[in-house]
Structure formats: C-alpha cells, structure tokens
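The two complexes that follow have chain A in common; it is paired with chain B in the first and with chain C in the second.
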Partner chain A sequence: MPNLQTTQLIKQFGNQIVLDDINLTLKPNTIYGLLGRNGVGKSTLLSILANHQTASLGEIKWGDTVLTGRDHPLQAIYLMSEINLFNKDDKLKTITKNTALLQGSFDHELAEEMLTAFDLSPKKKLNQLSTGYRTIFKTIVALCVPAEYVFLDEPVLGLDANYRSLLYRYILQAYESRPRTFVVATHIIEEIATLVEHVLVLNDTQLIVDDDLENVLAKSYRVSGPEELVRKYCTDLNILDSQQMGTLYTVYLYDTLPTERIIPDRLTIEHIDLQETFIKLTNKGSEAHV
Partner chain B sequence: MFNAMMRYRLTAIWKTLAMVAVGFFGGMVVVALIFIKKGIDFGNFGLTIVTGFLFLSQITLIVQSFTTTRKAFNFAILNGIPRKISFLTQLVSLFSSQLVTFAILYPIAIHNQIFAGIKINLLDPHITVAFILVVWTFIAQGLAISSFITLFERKAWVFLFAAWLIIATVYERYITPIITRMLPDWTDYFFVNFEQANVVSAIKITFDQPNFWISTLTSIVAPLIIAGICQHFMQTRRITFRLKKFAR
Partner chain C sequence: MLFEFNNDSPLYRQIAEQIEEGIFTGVFPPGSQIPSTTEISRQFNINPATVLKGMNQLVASGLIEKKRGLGMFVTPSAPAQITEKRQSEFFEHYVAQFITEAQQLNLSKNDLIGLIERGYDHA
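And then the complex of A and B:
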C-alpha cells in the first residue's frame, strides 16, 4: 500500500489560513494520533486527505502519483467524521448493508460483535440515536470497511469512560486482525497514548510535531531545581515553558538532553506524559519552538 | 462499482415509489370505505387509482431528481465511488425508472378514457412520447438545479437563487420586450396555428416543427450537461476553491 503524502499543503477560508505549509507522510499499517487544540484544522486536514474538501494550494501524493482531486484513491481511504453523510432516516442495518454494497466487502462479524457490545440495536434508526451512540455507530462502520487508511475524527465524542475504553480495545482488535493505517484525531490525549505509534501535533495552522510516540516522550522533560542551576543546564535547549514556585524553578523541555553536560545533584529531571507535553507545546504565550 | 452504486440508487428510488404507492393506495381504500354506502363504481375507481398513481409516480421521480444528488453523492464519496459513476448511475436509475413505471402504469391507465368519455386515442405514440418528454424535461431540470446547488455547498444557494430570481424577473420584464420589438419576425416564425385541432393533432403539428425538437432536446440535454459538469467538479480544487468563498 502506498504512502499518502502532502507537500506544502495550504487551506484557506476567505482570508483565514487554517492550514499552512503542511508536509506530512502517512505510512501504511501505522496508528497515528492527530492532536491539536480546537479549531487548528485537524478535521480540515483529514477531510482534505480523504478528498471530502479540497486544498487551496499544495500537493497530495499517493505513492509517486500526484493527485489532481478527481483521481483520489477513494476506496482506499475512509473518513469517519462528526459530519453525518448517512441518511438519518435509515435503520442501522440498512446503512451497514448499503456500505457493504458500495465498499465491496464489510466485516459483518465485527460489526455485529461491536453492536452487541455497545448495546446498539441494528433495527434502530440513525436519528433515534444520541450523539454518543451515533459516534459509536460511525466508528463501527469505519472499522469494518476494507479501506487501508481509516481516519477517525473524534471517535470518542460524547462517549462515557467505559465505552471509550471499549472502543479503544476494538480499534486495537481491528488493527491486529487486519493491519492498516488509522489516524485518530482526539482531545482525550492521555487515553490514546497507549494506542498510537506516531504523533502529529497541529498548532497555529502548522504541523509542529511529526514523530514516533517513543521519540516524543523521550524528548519531553521537566527539569526542576534552583533557578540558576536549571537555567545553566537548559542553556541552548528547547524550552517550552517555565514556572517559579517559591525557590523551586521548573522548566519544560522538548529536546534531546546533551550527554556531555553534567547533571547537578540538586536538579531533578523527569519525563512528562504525552498530555502534558501537548499542553506545553500548544499553550499560547509559552516558549514553544519545536 | 457501477453495479453496486446502481443497485443502491435503484433500491432507494423504488423503495420511495413503494412507500408512495402504499400511502396512495391506503388513502384511496379509506376513501372507498367512506363512500361505499353511497354506491361506488369499483371498475372506474380502480382505474382512477392507477391513473392517479401514474401521475404520482412521475411526480415522485421528478422530486427524486432534486433529492438524490447531495445525499447520494456524499454517501458515494464516503464509500469511494468516483463522481462520474455517481452521476451516471443517477441518470440511468432515474430515467430507467421513469420508463419502467410509465410502461407498466400507462397502458392500464389509458383504459380510463372509456369511463371518462375521452375520445382521444391515448395510445397514440405522439401522446406517449410527449408525456415522456415532459417528465424527462422536469427530471433533467431537477438534476441540473440540485447539482448546481450542491456544487456551491452550504447556504450559498440561497444567495444564488435570489440572484437568479432577480435576473430572471428583470430579463422577462425589460429585456424580452426589447428583443421582441427588435426582432418582430421571430414571433411570426415560431407561431403555430392549431385552429380547431384536437390534442393529438396539435401534438402532431408541434412535433413537425424542427424548433420544437431543438428546444425540447436542449431543455433535456443542456441541464444534464450542466448537472454533469457540476458533479464532475464537486469537491475538486479547480472550481470549488473559488466558488466556496461564496459559501462562507
């Protein structure tokens, strides 16, 4: 399966630039986490990649082929988004039947298993479902289609903690039974940290992080101690944020620590989790320059 | 892909037709039950039902030409069906359904002429063709309008529709009289004198006019071309980038 690649992708609505110079390569059989604050263009990016919207400028490549907009590999990409493209008056079983018809194949077994697990009756109509159940149903369909690139835009929107946990389990199960690429755009960061392999962070129209989760976490540090020592140790390193609490000075870094620098005894250096890294990376007014 | 999309569209069309039929026949049965004591001619009543459903089915198909664009297009895109196939299946499914419903219901319905006292031969091919052409014209117009609206997306169509209404009114009121005055021969050339001719003769006279065929075929083919172009460019960067600005 070819890579899906964007080069200098720009999306503009009127005078407002939503996405600016997005260079990104999605590889086969990888689970990506697409993170970003509200309104940074996560959904727009996914819908451009899935050909539901068009880019204002830039290039999208499918392997070595530059896509023109009318030759998009539509069958290979499936976008589940908050926008409802199903007929609201249809029963769930009708929607799955129609999806199976148009997609050519459909994992009915998984769909049935998931519908039962989430206590969803296939005889119900889509417009009878709550927001959470609608999201669940759309995610079920997305996991059961044969597409090689599946984009899940807010797959846990309106879901309680139990269902979120169950849904993550099913995403992993679907991935294990048939490896493919998932791009999960969400705000519940601490929960998808166990799910994703690669992290993409959008901030202020730009892609500021495009790295494996392992590398992102390896570069995320909290350094605390007396201000003078912390400042000296962090010289020339990429500082995201700093805090002063009494005599304790704390700095958040996103960088590789220099091995040649000796760590003073009074300094504490520890890794921070993905959510904290994300907050520090995307906080307005912090010193984030990745 | 074509067959799958065709099956999807035909299922949707015929499901709607079936629902309309059930609703219509149900309504007629209720009417029959109400008037049963007053004496009802069931032969006449049955044929009235068929004639009524003939017209209702054609109207349903015309309505479907408006309603089967955006939702089906979106569902097709979601499921990886190219827009060309989506449009072709829309054309084939609507026009073939029209022909099938017409072929089934029309021969039964024309028996009404005996009861209604109509002396025109409704089986005359001229009338049949005229009927089909009228429905096709409406279907084609419906496809063009709905595709055009879908191309612009969101609420831009309200603005466009208002603009079109103003332009059409201004054209009709001010431009047409000027053109008519400037080219008086036009009206003479297009004038057809039906005199005392009956419906069939009038249609025959009309069919003999080359201008009729030019205008009729234009009113069917041109909207289909417009619909095709609109659907071809839906969600592609060449046109929507500029036009979507209106939609914001």
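And then the complex of A and C:
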C-alpha cells in the first residue's frame, strides 16, 4: 500500500489560514492519533486528505502519484465524517447496502456483529438515532468498508464509557483482522493513548508533533523542587509551562534530558501522560516551541 | 497476576516487565503458554504493535519462545534467568535506595543492620 503524503499543504477560508505548511506522511498499517483543540482544523485536514475538500495550496501524493482531485483513490481512503453524507430517512440496512455498492465491498458480518453488540436495529432510520448512536453507526460503516486508510473523526462523540471502551475494542479487532491505517481524531486523549502508535498534534495552524507515541512520552517530563534548583537544571531545555506553589516550583518539559547534567536529590523528575503533555503543548500563552 | 500500566516507562517495556513478573512468580511456569498478542491487545485496548514489541523483547532475552502456529511459550531456563538478572539488579534497585533513605533519616549503618535482623526475625 502506498503512503499518503502532503507537502506544504495550506488551507485558507477567506483570508483566514486554517492549516499552514502541513508536511505529513501517513504510512500503511499504522494507528494514528490526531489531536488538537476545538476548531484547530483536524476535520479540515482529514477531509482534504479524503478529497472531500480541496487544499488552497500544496500537494497531496498517493505513493509517487500527485493527486489532482479527479484521480483520488476514493475507495482506498474513507472518511467517517462529522457531516452526514447519508440520507437521513434511509434505514440503516439500506445505508450499508448502498455503501457496499459505492465502496466496492463491505464487511457485512462485522457490521451485523457490531450492530448487535451496540444493541442497534438495522431497521431503524438514521434520523431516529440519538447523537451517540449516530456516531456508533457511522463508525461501524467506517470499520466495514474495504479502505486502506480510514479516518475516524470523533468516533466516540456522545458515547457513554461502556460503549467507548467497546468501540476501541472493535477498532483494534478490525485493525488486527485486516491491518490498515486508522487516523483517530479525538478529544478523549487518555483513552486512545494505548491505542495509537503515532501521534499528530495540530496547534495554531501548524503540525507541532508528528512522532511515535513512545518518543513523545519519552520527552514529556515534570520537574519539581526548589525554584533555584529547578531553574538551573532546566536551563536551555524546552519548557512548556511552569507553576509556583509556595517554595515548590514545577516545570513541564518537552525535551531529551541532558545525560551529563546531574539531577540534584531534591528534584523530582517524572514522566507525564499524553493528555497532560497535550494540554501543556497546546495551552494558549504557554510558550510551546517543539 | 495483574496488568497495570503507568507513565514511568514505555508501554511495551511495561508489558514485557509484567509478563516477566508472571513468569517469576510462577503464574506462567516453564513450558506454559502465555497470553497471545491479540488477547492482551483486546483485553486492555492496546495497539497490537506495542504488545508485539514487548513480546519480542522477551523472545530476544530468551524468556519466551515462539512455537509456530501455536503461540508463545515460557522457556525452561526463564525463571533462573530472571532470578539471576534480579540478583544483579538488587543492589542498585533496593540497597542503594535503602541507604540513601536511611541517611536522610539519620539511621546509622549499625541501626540498619539491626533493622535487617529484626526484619528477618519477623519474616
């Protein structure tokens, strides 16, 4: 399977730049987490990659082929969209049947299994479903199409904890039974932290993180102790944020710790999780330079 | 045995460590089959590539071996290997830390020896 690559991709709405100079290579058979704050352009990026929207500038390549829009490999790339592309008055089973025709094939067995697991009747109409169920249904369709690149835009929106957990399990099951690339755009970071192999963070029009999860977590630290010692230890390191609590000073780092620097006894250095790293990287006002 | 994960080290290493712990405590005796990548992946919603990386680490260190078409099995020498490794890590992990903490608490070397003897009496 070819890579899907963007070069200097720019998207403008009017004179507002939403995505600026995005250089991204998606590889086959990888689960990506696409993270970013509200309105940062995650959905826009996915819909450009899936050819639902066009870029203002820049290039998208499918393997070695530059895509012009007309020759987009539609059946190889599938976007589960926020916006409903299905006919709201159709029964779910009609939608899956039509999707099967459009996409070339469809995993009806998995669809049936998932509909049962989520207690959803195929005889229902799309407009009879609650927000959560609509998300579930759209995700089921996305997991059952034969695409090699599947973009899941907020696949757990409006789902309760039980169904979220069940859905993650099905994503993994689908991935294992037929490895393909998933890009999961979500705000529930904690819950996908074990699911994804690679992390993408969009912030303020830019792609500020594009790295394996393992590397991202390896660089994320919280250093705390007496202010003077913390400051001295963190000199020239990439500081995302700092907090003062009495005489206790805490600094959040996104960097590799210099091995030659000795860590004083009174400093505590810990790793932080993906969610906290994300918050520190994308907080307005904190100086994040990655 | 329990699988519990934290932020301290990469997830694949934690998976390897916890299976190692299972072998060490006898949950997975020599010759027994350990849970498959798929089982661990599904149970804890972990990316199968991550689980596999942890498994490969255990294969590389000779604690488990792959039997084609059957799964992963604990090697006969695994418990002895783990014991040996942990003995060499014991000083670094426990003794050094123990002494640092004792010094901060103003406990002398003799106090420590006394405490160790007391610990053995109660063990």
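Basically, the second predicted complex is superposed on the first by the 290 of 290 C-alpha atoms of A that agree within 3 Å, B and C clash if a C-alpha of one lies under 4 Å from a C-alpha of the other, contacts with A are read in each partner's own complex, and residues count from 1 in each chain.
What we mean here is this: a residue touches a chain if its C-beta (ideal position, glycine included) is under 8 Å from a C-beta of that chain, and two chains touch if they have at least 3 such contacts.
Computed from a predicted model, the values in this text were never measured in an experiment.
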First, second, both or neither for A:Q173, with chain B first and chain C second: second
Partner chain(s) touched by A:N238 [first = chain B, second = chain C, both, neither]: neither
First (chain B), second (chain C), both or neither touched by A:L85: first
First (chain B), second (chain C), both or neither touched by A:Q75: first
Partner contacting more residues of chain A (chain B vs chain C): B
Touching partner for A:L195 - first (chain B), second (chain C), both, neither: second
Which of chain B and chain C A:S56 touches, first, second, both or neither: first
Contacts of A:G104 with chain B and chain C, given as first, second, both or neither: first
Partner chain(s) touched by A:Q128 [first = chain B, second = chain C, both, neither]: neither
Intersection of chain A interface sets (partners chain B, chain C): none
Residues of chain C that touch chain A when the two form their complex: 5, 7-12, 38, 41-42, 44-50, 100
Residues of chain A defined as touching chain B within the complex: 13-14, 51-56, 68-70, 73-79, 85-87, 98-99, 101-104, 145, 147
Residues of chain B touching chain A in the complex: 1, 4-5, 7-8, 11, 71, 74-83, 232, 235-238, 240-241, 244-245, 248
Complex contact set, residues of chain A against chain C: 30-31, 165, 168-169, 172-173, 175-176, 191, 194-197, 214, 217-218, 265, 270-273
